[in-house]
Amino acid sequence: MGETADQFFVTLQHWLVGHAPASLQPILSSLLSVVAILGVFALLFAITTVLERKGLGRIQNRYGPNRVGPFGFLQPIADGIKSLTKEDIVPHAADKVVHFLAPVVLVLAAFSLYAVLPLGRNMVLANLDAGVLFFFAVSSVMELTIFMAGWSSRNKYSLLGAMRAIAQMISYEVPLILASVTVIMAAGSLSTVAIVEKQAGYTGILPHWFVFTPWGFAGFVLFMIAATAESNRSPFDLPEGESEIIAGYYTEYSGFKFALFFLGEYLGMFAISGLGITLFLGGWAAPFSFLAWVPSYLWFFAKLLGMIVVFIWVRGTLPRLRMDQLMNFAWKFMLPMALLNLVTVAVWHFLPQGVLRWIVCGLMVVVPYVLLGRGLTRGWKLEKRVYRFAE
Amino acid sequence: MTPLTSCLLLSALLFAIGLAGALMRRNAILVLIGIELMLNAANLNFIAFWRYGPNPEALTGMMFAIFSIGVAAAEAAVGLALIISLYRHTKTTNIDEVNSMRG
Amino acid sequence: MLFTIFAILTVAGAAAAMSLRNLVHSVLALTVAFAGLAAVYLHLGAQFIGLAQILVYVGAVAILIVFAILLTRDAGATSQSILSSSWIGNGTVVLVIFGILAWAIHHSATSQRVVLPQPEASMQQIGNALMLRFALPLEIIGVLLTVALIGAVTIAMREKKETR
Amino acid sequence: MTWIVRDLWLIPALPAFAAGLSALARQRNRGFAASLAIGSMGLSFLLALCAFAHTLASSGHGEPAVKVFNFPWLQYGSEWLKLGWMLDPLTAVMLIMVTFVGLLIFIYSTGYMAHDENFTRFFCFLSLFAAAMLGVVIANSLLLLFMCWELVGLTSYLLIGFWYQKPAAAAAAKKAFITTRIGDLAFLIGIVWLYSQAGTLLFYDNGAGCLEHSTLMRLIVQTTCIGMAASTGIALLIFAGAVGKSGQVPLHVWLPDAMEGPTPVSALIHAATMVAAGVFLVARVYPLMSAHGGVNLAPSSTTALQVVTWIGAITAVFAALIAVAQDDIKRILAYSTVSQLGYMMMGLGVGGVAVGMFHLITHAFFKALLFLGAGSVIHGCHEEQDIRRMGGLKRFMPITFATYAAGMLALCGFPLFFSGFWSKDAILHAAQAWSISRVPFYLGSFGALLTAFYMTRQVYYVFFGESRLARHSHQSHSTDAEHHAHGVSDSPHESPAVMTMPLVILAAFAILLGVIGTPAWPWFDSFLKGEPATFNFAGFLESGILRVMLFSSIIVILGLGLGWWFYGRKPIVSAEEPDALERLQPQIFDLLRHKFYVDEFYQDTFIRWNGWLSHVSDWLDRWIWNGAVWAVSYFVLGLSWLARSADTYVVNPGFDEGCRTVTAGGKLLARLQNGRTQNYLRLVGVAFAILVAFLIWSGVQ
């Protein structure tokens, strides 16, 4: 029963494709999966927006949207209608073509990220041999689109935002990729599916997820930090820091293009969380062996939702960094940590099984962490802030 | 006309376009872009010969392409840095005006 | 069929990149050309190279060039002609070279070769080749990139006397 | 071959290592240097104990047990020059003595030099000296011995001149160095001669060594110029080295001046160890000295040994006489050292190795004790060295006084309870039994009388009566810092424990050491000879022992009594009042005070001749050789002028022409170089096109 539930969508797709003539079958099957992905993640986007707004509201001691529908859960629909019906204003001096292309390409790129994410057992659109590479290649296109947006709408805030975004994304792409390279080294493959299958086993009831190793844990933390920066979310949201530069590179966007940008942002966030899940959290694998009967895609989405909650939580909690802090953190802390992590995974691979390699690798992770942290926070006076005039 | 030939023609075309850009534009950055295009044409050649060459399992062409991509990246970085510092000294990127090395 | 589309895309992008007046536009066109080329690679079965092409050129080089353009914005660039002073002679040279190349390609022995089956180059093979047979070139390219990075930084860094 | 023999080199190596390290050490970290030196010395002492135990175990039957370890050092021509070290009773005893006394003196120095700013350097030198001395002791090759010997001389030079900013010290250092050089030159000649004759410099090389029977036989039969055996000549030359090193007449002049150095140095180098090196050398080559062809005459009467004996006897009395009239506390001790060394030489000459070495060992202890005591006194009186300005110190520094008295009595050879008595008694007995003549015996006795006398005089001056310590500023040298360090408390004070403790230890040894050499139980003698020691009181009864003992005791008592009569009866009140002897016999006293005018004599003879010689050579240099050099240089100048003119008028124009052509060509080509990047690129393109075209064209046909 669990088997069928697990493979339900796969079988459904095969059954549907079975009706079409043989020549069209491959195109049709991929078309089906594309449509499915579009639908599912657009829905997820809608849910997430309202979740985020309500969550932030709770964190900030207020009710979020609570008018439209039960607990305001139909708010996204209202927003969608609004953004569709709004006038689409394009600045007079703007470079029309690029201004139009930017959000479209962004969304396209964001969607094409999902092609290599295994959403469940046998549920991957394209099992590329170099899936992870594909992911990063496509996500690097998004940077370009952001530049297009910022540059094309002749507005200094947009340009500043774009510049910030690109600088930040390039800086954090390095540790992001290095952190995933650890997993690639361990799994010995660039294909997401293979990586997930590597983690699918269990010892006793505990899974073989990479996050449960010293280097894996360090890699995961690095990866998540870098991912937050890559998706321009707080505390790394300098590019669209409302208080500094109005809304960054989509200051000049309105109406549906703005919605597209929004969509693109969130899709990017989901995708990168999905990659994190795939690389470190065992993809669609169940956390305990006795829970393996639950359908795999459910696990994937459960993990994804967890990540999203974490993102929202972080956004509600942490203040925004300064630009120099951002860069120092990227180049003086993340990069060395990631590089050392590569060494650690190599050591882990060549040491024999047992306690020894846990100790050694643990040290190799903890000691640099402490030292680099010292180096980074030298000259800081960390103390509890006193609000003299509040409360 | 066999695919190899078409590939080679494409690369020749790219090369020519790149060369034209490098020779006929007056903006230094565009010259650099042209050079990048020429490098890409070369890469295309490597891949084409790997694909249709006698023994592809040796992967030589692919390796060559990989390394030349790396070289191209380095070249772009250094070239752009040069252009920037050039701009900083003579407030222009027009390479017609930059001929202080005249013998 | 697919190849033709990609080829046309590439050539169009390249041509646009070389001929457009607005530098940023030409960079965008260049990215199109790069993407088309990557598609050609993928079509030729060189998956790794194709993705690396996108990652490096679209993701890094294009951005780099964009930065350079925004950093070096000369005032009178738009007014004067985009072609260099000696463009006629150079153009002829280019044409001659292309002619020679085309001629050579057409009359070379390659055009008679039969098409071989698609060779598969899995990541495993590439990795092995890189790590075993081509280990030394890999090291050297790493050194080269490091040196280029440092060199670029030092070149582009503002000299002391200019900061005031 | 046990480990101790194989690794005997460690004993000198450790101090050498310490010296090297402390040479690298910064001037600041004194504790480091001191602890390094003392630690290394202690380790060497332990090793020396091991060596001693080993010899003790392996001795006791027949001949002395000699263990050697040789190794080839460098090759020239076809043969190897071999070095090596040896372990025999003599070596073992000397090792113990040197390391132990050295250790004590090191410890003492940490207190004495505490306020000197060159503390580190001092300990570096001391360790170096210890290394060299130990090297001398263990050497099994005359060459190795000579190296270490010279090293010892060098360190002695450095340490005498340690306060080089004092002109007197610098002069004394130079004097010591040069004077000993004279002896060493003879020594070197002797070595070379020995090598040319014997073909080896190893002492013992299981049968082939130069001190072993076969070689000695060869040396004896050859006779040289004035009909004396080669062995005698070589022995005398080597003895000349010994004379220089251990300040025998006529080369004794440097030793008293060497007292300019710090007192520990005087104690270690110029009383206990280095000056004894000469005696040790003679004892080491004793077989060579006593080698003789005929069987009928006793070993102790070869020409070489006769010379040794006479020189020793004369030195003993001579120095003792001088010591009577000195006022500087350290100079008195210095002269007494000279005379005691004379005793040792005499002992070697008349009585063989055991007698001389026994006195050497005992003397090392009590003379080191006396010097350290003197140092403590000087320390206590704020660098006052003139005994006439001291007095009444018994009250202020009791420990020093007690130990000093013990050392003094030992030196005088007070009967029965002091080591000096037994050693000196052995010498006198041997002298009395000597077959050649009785004169050395009388000289020695007279020397003993004088010794007792001047030591009594000194002790009375220093410790009894009223304190005549000058209240005004003291003679000040580099230890000015010291006064400021422990505030100027003018009244004399006892020295710190780190200085008094070695005194006590040494005093104990000075008293007890006698028991190993009594006639009743001649352990030392038999140990050196390698026989089991037997204990019988009959030792006292054999020929004339008791007589000699009685005689020498009487002499000593007499000397003490005379000293008391002159100086103890009524206490000396003022520093300026003339000496008691001076009142009695002004001329003689004056003669003695000026050391028989030996220095002046040398000054007027050798040194002046040397000056004339240097003048002559200077003149030659200035006028003859210099002229030749000038002539050559002018010739060369002429040649160079020729060459230059040829260069200017012939070669240059040709080159200029060539250069002009090249420049023109360069200008031509430079026109192509118009700084336009695209032109270069275009050139490349054109070249490429031409190349491809050419290839195609060549391919077509």
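Points worth noting:
In order of appearance the chains are A, B, C and D, and numbering begins at 1 in each one.
Operating definition for what follows: a residue touches a chain if its C-beta (ideal position, glycine included) is under 8 Å from a C-beta of that chain, and two chains touch if they have at least 3 such contacts.
In this text, all values refer to a predicted model and were calculated from it rather than measured experimentally.
Distance between Cα centroids is largest for the pairing of chain A with D.
Here A-C and C-D are compared, and the pair linked by more C-beta contacts is A-C. The central chain of the assembly on a C-alpha centroid basis is D.
In whole angstrom, the spacing between the mean C-alpha positions of chain A and chain C is 30. We define each chain's centre as the mean of its Cα atoms; on that basis chain A and chain D are separated by 85 Å. Chain A and chain B, compared by their mean Cα positions, are separated by 34 Å.
Multi-chain contact residues of chain B (touching two or more other chains): 19, 23, 95-96. Looking at chain C, residues 48, 52, 60, 67, 84, 90, 93-94, 97, 101 sit in touch with two or more other chains. Within chain A, no positions touching two or more other chains are listed. Going by the touch rule set out above, the chain pairs that meet are A-C, B-C, B-D, C-D. Only residues 1-10, 12-21, 23-27, 29-30, 32-34, 36-37, 40, 43-44, 47-48, 50-52, 56-57, 59, 62-63, 65-67, 69-78, 80-85, 87-88, 91-96 of chain B touch chain C when the two sit together in their complex.
The part of chain A that touches chain C in the complex is made up of residues 95, 98, 128-130, 133-134, 136-138, 140-141, 143-144, 147-148, 151, 159, 163, 166, 170, 173, 189-191.
For chain C in complex with chain B, the touching residues are 3, 7, 10-11, 14-15, 17-18, 23, 26-27, 30, 33-34, 37, 40-41, 44-46, 48-49, 52-53, 56-57, 60-61, 64-65, 67-69, 71-72, 74, 77, 80-85, 87, 90-91, 93-95, 97-98, 101-102, 105-106, 110-113, 115-116, 119, 121, 125-126, 129-130, 134, 137-138, 141, 144-145, 147-149, 151-153, 155-156, 158, 162. Residues 669-678, 681-682, 685 of chain D are the ones touching chain B in the complex.
Remark: chain D residues 676, 678-679, 682, 685-686, 688-689, 692-693, 696 touch chain C in the complex.
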